[in-house]
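This report refers to the structure that appears directly beneath it.
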Amino acid sequence: MATTPTYDVIVVGAGIVGASIAWHASKNGLRTAVLDASGPAAGASGASDGAVSVSSKKPGTMMELATDSLLYCSELAREGVLRSAFRKRPTFFFASTEEEAAALDRLRSALGEAGPAVSVVRDGSPDTSAIAGIGGAVARVVELTGEGHMLGYEATAAFLADSRADRLWPCRFHGYEASGNDLRVSTDLGGFEARQLVFATGVGTAQIFPEIPIIPRSGQLIITDRTTGSGWHDLPGCLTSAAYLLSKSDKPRPLGTAPVVIDPVHTGQLLIGSSREDHGSVSQTDFATVRQILQSAVACLPALAQRRVIRVFAGLRAATGDGYPVVGTVAGAPNVYLASGFEGDGICLAPLIGREMAKLLSGQPALAALDRLSPRRFAKAEASAR
Amino acid sequence: MKPTILWNGREVPFAPGETAAQALARAGIRHFGTSATGQPYAVLCGIGQCQNCLVDVAGKGAQEACLLPCSAGLALTSIQGAGHEQ
Amino acid sequence: MSSDKILVVGAGPAGLRAAITLADNGQRVVVAEQAAGIGGAVYAMLRGVDRSGKGGAIPPEAQALASDLAARRGMIDIRCSTSFAGLDYTGAALLVGRNGAIFRPKAVIFATGARELVRPRPGWIGPRVTTAGALQVELKTTGTVGQSRIVLAGSGPLLYAIGAQMARAGRPPLAILDEAFPFRHPFAAMGLPVAILREAAGYVASLWLARVRILSGVTVERIDHAGEALEIRTSHKGRFQTITADRLALHDGLARNDYGIPESAAVPIALAGDCREVLGRWAAESDGRRAARDILGALGSTRTDKPSASLAGYASAQKRLAVMFASDQQDHLKALPEDTVLCRCENRTLGDLRCATADHATPRSLRLNGRYGMGPCQGRFCLDWVEKLAGEPFGTQSTRGNRWPLRPISVADILAADPLSPNPPSNTK
């Protein structure tokens, strides 16, 4: 029979969010363990792009949290733990239609309200932009500074390597039950007692908390070779279609083709994506979708035609019914927390979520903005529906 | 007059059906360039699997020299890794 | 939306015989072959590049294949210089190259040949070091080999086959350095099938006539690239020696090749030939026939030809050859210096592997953070050794390249493949 050490916190899920929470919690002096059914970055954290961006967020609470997280992430990169994982680089939004140009105007005012973390460097015709060889259909390019890039699996590894938390994997979580004021957690490696539990379980959250509407939303991504021919000019930053912004407005519009993002990785490779598919299977990539993504990408950057694709993969984002993550305690269990439903914003928000969750776990108040993300909003909806 | 391909601007003759790697090897050219991680580009497996024999095809980007069929006037240049960090 | 055609990947003996068998049963076939001609590796002389014929006379089996194929051209669409890039979850196949297309085959037969295993050695990266397979392709397609002093090293029957073929072409190797002691196993040798023994005897005779030095129990310890030549440092029973050569061809065996074969498929899939199980060229056509019959069965089609010969004899032959050519890969790997590069694509050394497998590492972290298998070759040249060095918990089956594309393909090629249609546009060549 396994021994049962007592923890202050057990974090279930070793993706970037779980790793950040474990790092912050143990920094705060809490005895922490992080467990995962397979290992670090097994889910979306290991199959995603990695943009740490404010501009891609819904205006309002999400943009506010993203701004705070971006600034904090830069601080963590300066001070240490994220220094090799996070890199600042400019973001370039491009518009080809009037609707997209209008979205850029809205973005500019939203960024103006969000604060000085991200600012506009340039806004004008493509030939005045810092991007060489931009496609003919592009009418306008807006360059932003202040944002950055962080590969999910690099940040996850950095948080875990630097933390004193116990690492338990491969170790499947079975269930938990109250044990006095504490919780008794049962797992593949036996039972553990903990004061508090945090579930940073991504799409797996749905199995543990069926009342929280978590929708697995697959995204296909393309990664290129490092090798380039002479016709290639290095991309100075992330190139994003303004069409992407149209899906993040208050009334999301269905889009015919996937808006494209071309993100240069520190290895010299390019990450090109993505799609949004609600069928929930990680391994599914198909030529038709990939061709659509590549067609959009080549339209904005013709020289991309010469780059070679080395792999295509799909990551499963955990989306929620209303487009906001779930962060906070679950109804009826003041020592059980959720931190999930980030749908593609997990990498950007992980530093902040870790910091704030550690405060909550230590009995301190967290950012008021997080109230908007409370899981209890679904319990209320259910109650009123009855 | 034997048909030729171009290697870094220099004419290299080829026999019909030869691949670029074969034509270059007959001209004594076996070191094609350098990768971003500092490795020399050269033939290792000869069947397009190892990705070590990459050359830059004018207007088309990197391709495996061991699979690339020669055609008159095919212009190839060596790839010099841009020195990206690993 | 499915095509009425069956896709065969690879035009070597297994793929061609599979295609011929399918055609004889009324099926239309598309064969995708990445090289400029048919024959695969073993019958590469069929490509017709070698005008001198020195690369080896075309064996009668190969001639028979070529003529059987020609007789069925109406049913079999052979596309050379056309690579198979992958099969997606909808069952669509992507072909790129001269006759690229996207279509949904009724079924797919993979006949891509074996994977050549080459163990890392200090100094193995450089223009004068290739695989033995690359040397063979050069010889069979151009009729000659470009350099004079060529050393073959490693272990396996292929070293002797290639050495003999070189000798017959008037370009004998300088030496064959075998880590194994094949000549110490006469009983194992005597149990080999007659056809194989005859071929082997022919090779030994050619090597002997050309006075090729054959050394057993010799390991290549290090390769120095000294200006215009190679200095190959070898060891034998603790004694060291240096051989100067113009080229080194390495070979440490053959393995099955399931790269690019999806784990779950929307269409019936069969593997044929060495890519399924390394049994050598004698078994290839039989196995191609068998794969075709399996596919016909899966499609509910009736079969008109006779069952293929049992391959049990070839499987036991391989076991005998393994005994004869046994070399302890694990021992050799453990003796490698820390700075030996294991992953050529990402420049990852043995020392890096130790860090990547330090505590709490997982197969996924080995790939994502250690970067083994993250490069363009998808782990073809490093993962076998990484698995042996890192041990059981790091079985890399899950990290091997089962995702498309099989090989890097340009964005232009992906976009150029004719859009999804039930049948690929006809090959006008």
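For clarity, chains are labelled A, B and C in written order, and residue numbers in each chain start from 1.
FYI, a contact is a pair of C-beta atoms (placed from the backbone, for glycine too) under 8 Å apart; a residue touches a chain by one contact, two chains touch by 3 or more.
Note that the structure is a prediction, hence the values are computed from the model and not measured.
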Most remote chain, CA-based centroid, reference being chain B: A
A-B compared against B-C, more contacting pairs: B-C
Geometric centre distance via CA averages, chain B-chain A, whole Å: 41
Separation of chain B from chain C, taking each centre as the mean of its C-alpha atoms, in whole Å: 22
Chain B: positions in contact with at least two other chains: 37, 51, 60-61, 86
Two or more partner chains touched - positions in chain C: 375-376, 408, 410, 412
Numbers and ranges of chain A residues touching at least 2 other chains: 225, 227, 305-308
Residue ranges of chain A in contact with chain C within the complex: 38-42, 46, 153-154, 157, 160, 167, 169-170, 224-225, 227, 281, 283-288, 290-291, 294-295, 297-298, 304-313
Residues on chain B engaged by chain A in the complex (per definition of touch): 35-37, 51, 54, 56-57, 59-62, 77, 79, 81-82, 84-86
Contacting residues of chain B [partner chain C, same complex]: 15-19, 22, 25-26, 28, 30-31, 37-40, 42-52, 60-61, 63-64, 66-67, 69, 86
Chain C residues touching chain A - in the complex, by the definition given at the top: 88-90, 92, 94, 102, 263-264, 360, 362-365, 368-369, 375-376, 378, 401, 403-405, 408-412, 414-415, 417, 419-420
Touching residues (chain side chain C, partner chain B) in the complex: 34-37, 41, 47-49, 51, 81, 83, 115-116, 118, 125-131, 133-135, 137-138, 141-142, 146, 341, 344-347, 375-377, 380-381, 407-408, 410, 412
